[in-house]
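Heads up, the next two complexes both have subunit A, just with different partners, subunit B and then subunit C.
The block that comes next holds the complex of A and B.
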């Protein structure tokens, strides 16, 4: 199981769109992922330690170094399949690198 | 016109009589089907909207029930008439999405967007279907204040056009703030950025008089990190419970009960917020597919919800600092009856400050503090309408006194709320309101034109910078 944290402003709209898109697409590709959503301001180092990958919408300044792989998931929000595709690919590559199932 | 409304009423009355949750389940499912969403997905969305409306009603129930007596005592003991409960954005969004008019305004705005794209008046395709509720709220408010559907629609279109123009105007600034390449299509049509013109007036004053303040700007990310959980939703619920409980002269047991109820409500509000965002999801995708299919080959900017800027730490640092400032202002501000609670983290206020000042944090805080009263007054003005609407969809608790009102302190588009109110009242034919509404609309238009000119200058400077590189 790969644990992903998706963040956005209120933790409800954009991050939820990313959550459902990632969960659907990664299932299709044969990966077990679970995506949690959060308000970006509620992220701290402790919280991030519980996740394998952090997906952000745009460059995020959290006030500390992020030690897990970061995938830019913003293009999922455009709702246009060809633009979302590279995000899925990058996520898949990242998962492969982590060597998790 | 009246004949059409009569026929519509005949068709819709049995639907309305079902109650808001089943009615909106049916209406949303049908509209999603029109946009060729798969039937099972369409129904899924419809049902989720139904449960979101029901759920939010239950929590408003819980919050207002536990706060109503404390609020009454609080008012009596302190003499502060802050008797309107601030429920934050999630209940307001749910209540607004509980009206079929919101789907009607959505349809109108999709058409406006498509026409503007076809006529090349914009490059922005707005895919942020969910946030249409902000503008629908203005239309509904105007109707409540006395406008007919035609006038309310005209007002919604008027503001809707500005919103889309504004998203084009802001695009280069977004690239600058996000350090994004030119081919990044992210922009936003969110209504909180319609405060930009007003903020820019103050920003220009800053440029002239207080430019030295900028050198005190601090590292916002570090501050946020230090604030930690103390600024989270449940913590704020606890503070407010203690604050109200103490001033209401309650016992410790009662104060704890109040605090935990407030904390739970705030957490649950945003949880249920997720349900109804999920519910709009199939429709959003349907509309985007529909629009992008018909605009093949155009390079478009894509209008998203505001949070792609949420990675900028200044938004949160300013919101953290503005929260206690707002509480103080709410207490001393004449004409304000709202006690900040659900909306106290001023997310509806700070993104626009970031865009106009381009992240100069001291300016964001000072200008934010100056404009917060506008939000408090607008929230107060809209409270009877919000309360009435909540009652209509069955989201208002029966055990609470009918004079107990709900609203939001930091709702997007306070200026537009005033416009809705004035235009609605003017439609009743009162000469005084007609003059006010006309003046307000002209002022709104003029200040936006000035802002547009200033933003065009800014964008030309960005372009020149790029050309030099």
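The block that comes next holds the complex of A and C.
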């Protein structure tokens, strides 16, 4: 199981959209992915330690260094397949590098 | 279930002549407060959120002729209902781009999202994007230029289909 944290400003709307899109698409590609959502302001280093990958809408300055792979997932929000595809591909590449199933 | 009837009301469509973000938010907030749709702290949270995590969306990737939109919203605790609030701006104002927050976009239309139960009703944003993606682009351009809230309402009634595309 690959654990992903998706964050946006309010912790609703955008991050849930990302969660639903990533879980569906990665399942199709044969990966077991679980995405939690959060408000950006609630993220700290301890929280991030529980995840394999961090996905954000835009480049967010969390005030500390992020030690896990980060994938920018904002283009998914357009709900246009050609815009989402590069995000899915980057996530898949990142998952492959992690070597987890 | 996301349907037109549950998300839009005729009393919650605005056409604003204001010329800056703060005045637009204030104008809409005061009416939403009167309608008991938001809490007193809504405005403060809305402005703060927009400053830290902007919500402008560049529609050029969908069609370069379309004006840009923004989807201002707050955390669930500041709203008392769920719905989408269309706000036509007679004077385009600048919002920062949600995906590229350093970039400013002239924005002509807002779909303010009121999301009372964040965990359950997650697809409001998706339904807005599906509305834009599914409309005929000439008709959508005309929609964004409408001057009458009744016309805006009727166009949405006829064209807003909830969530269409699968993820």
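In this section, the second predicted complex is superposed on the first by the 101 of 101 C-alpha atoms of A that agree within 3 Å, B and C clash if a C-alpha of one lies under 4 Å from a C-alpha of the other, contacts with A are read in each partner's own complex, and residues count from 1 in each chain.
Methods note: a contact is a pair of C-beta atoms (placed from the backbone, for glycine too) under 8 Å apart; a residue touches a chain by one contact, two chains touch by 3 or more.
These figures come from a predicted structure and were not determined experimentally.
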Partner chain in contact with A:8 - subunit B first, subunit C second, else both or neither: both
Which of subunit B and subunit C A:42 touches, first, second, both or neither: first
Contacts of A:25 with subunit B and subunit C, given as first, second, both or neither: second
Contacts of A:57 with subunit B and subunit C, given as first, second, both or neither: both
First, second, both or neither for A:86, with subunit B first and subunit C second: neither
On subunit A, the residue positions that both subunit B and subunit C contact, one per complex: 8-14, 16-17, 20, 39-40, 57-60, 74, 77-80, 83
Contacting residues of subunit C [partner subunit A, same complex]: 49, 52-53, 55, 57, 61-62, 71, 73-76, 97-101, 113, 115, 118-119, 122-126, 129-130, 133, 165-167
Partner subunit A, residues of subunit B touching it in the complex: 89-90, 127, 130-131, 178-180, 185-186, 219-225, 228-229, 231-232, 270, 273-274, 277-278, 281, 284-285, 288-289, 292, 302, 304-313, 315-316, 319, 347, 351
Complex interface listing, subunit A residues touching subunit C: 8-14, 16-17, 19-21, 24-25, 39-40, 57-60, 72, 74-75, 77-80, 83
Complex contacts: residues of subunit A adjacent to subunit B: 7-17, 20, 37, 39-42, 44, 56-64, 74, 77-80, 83
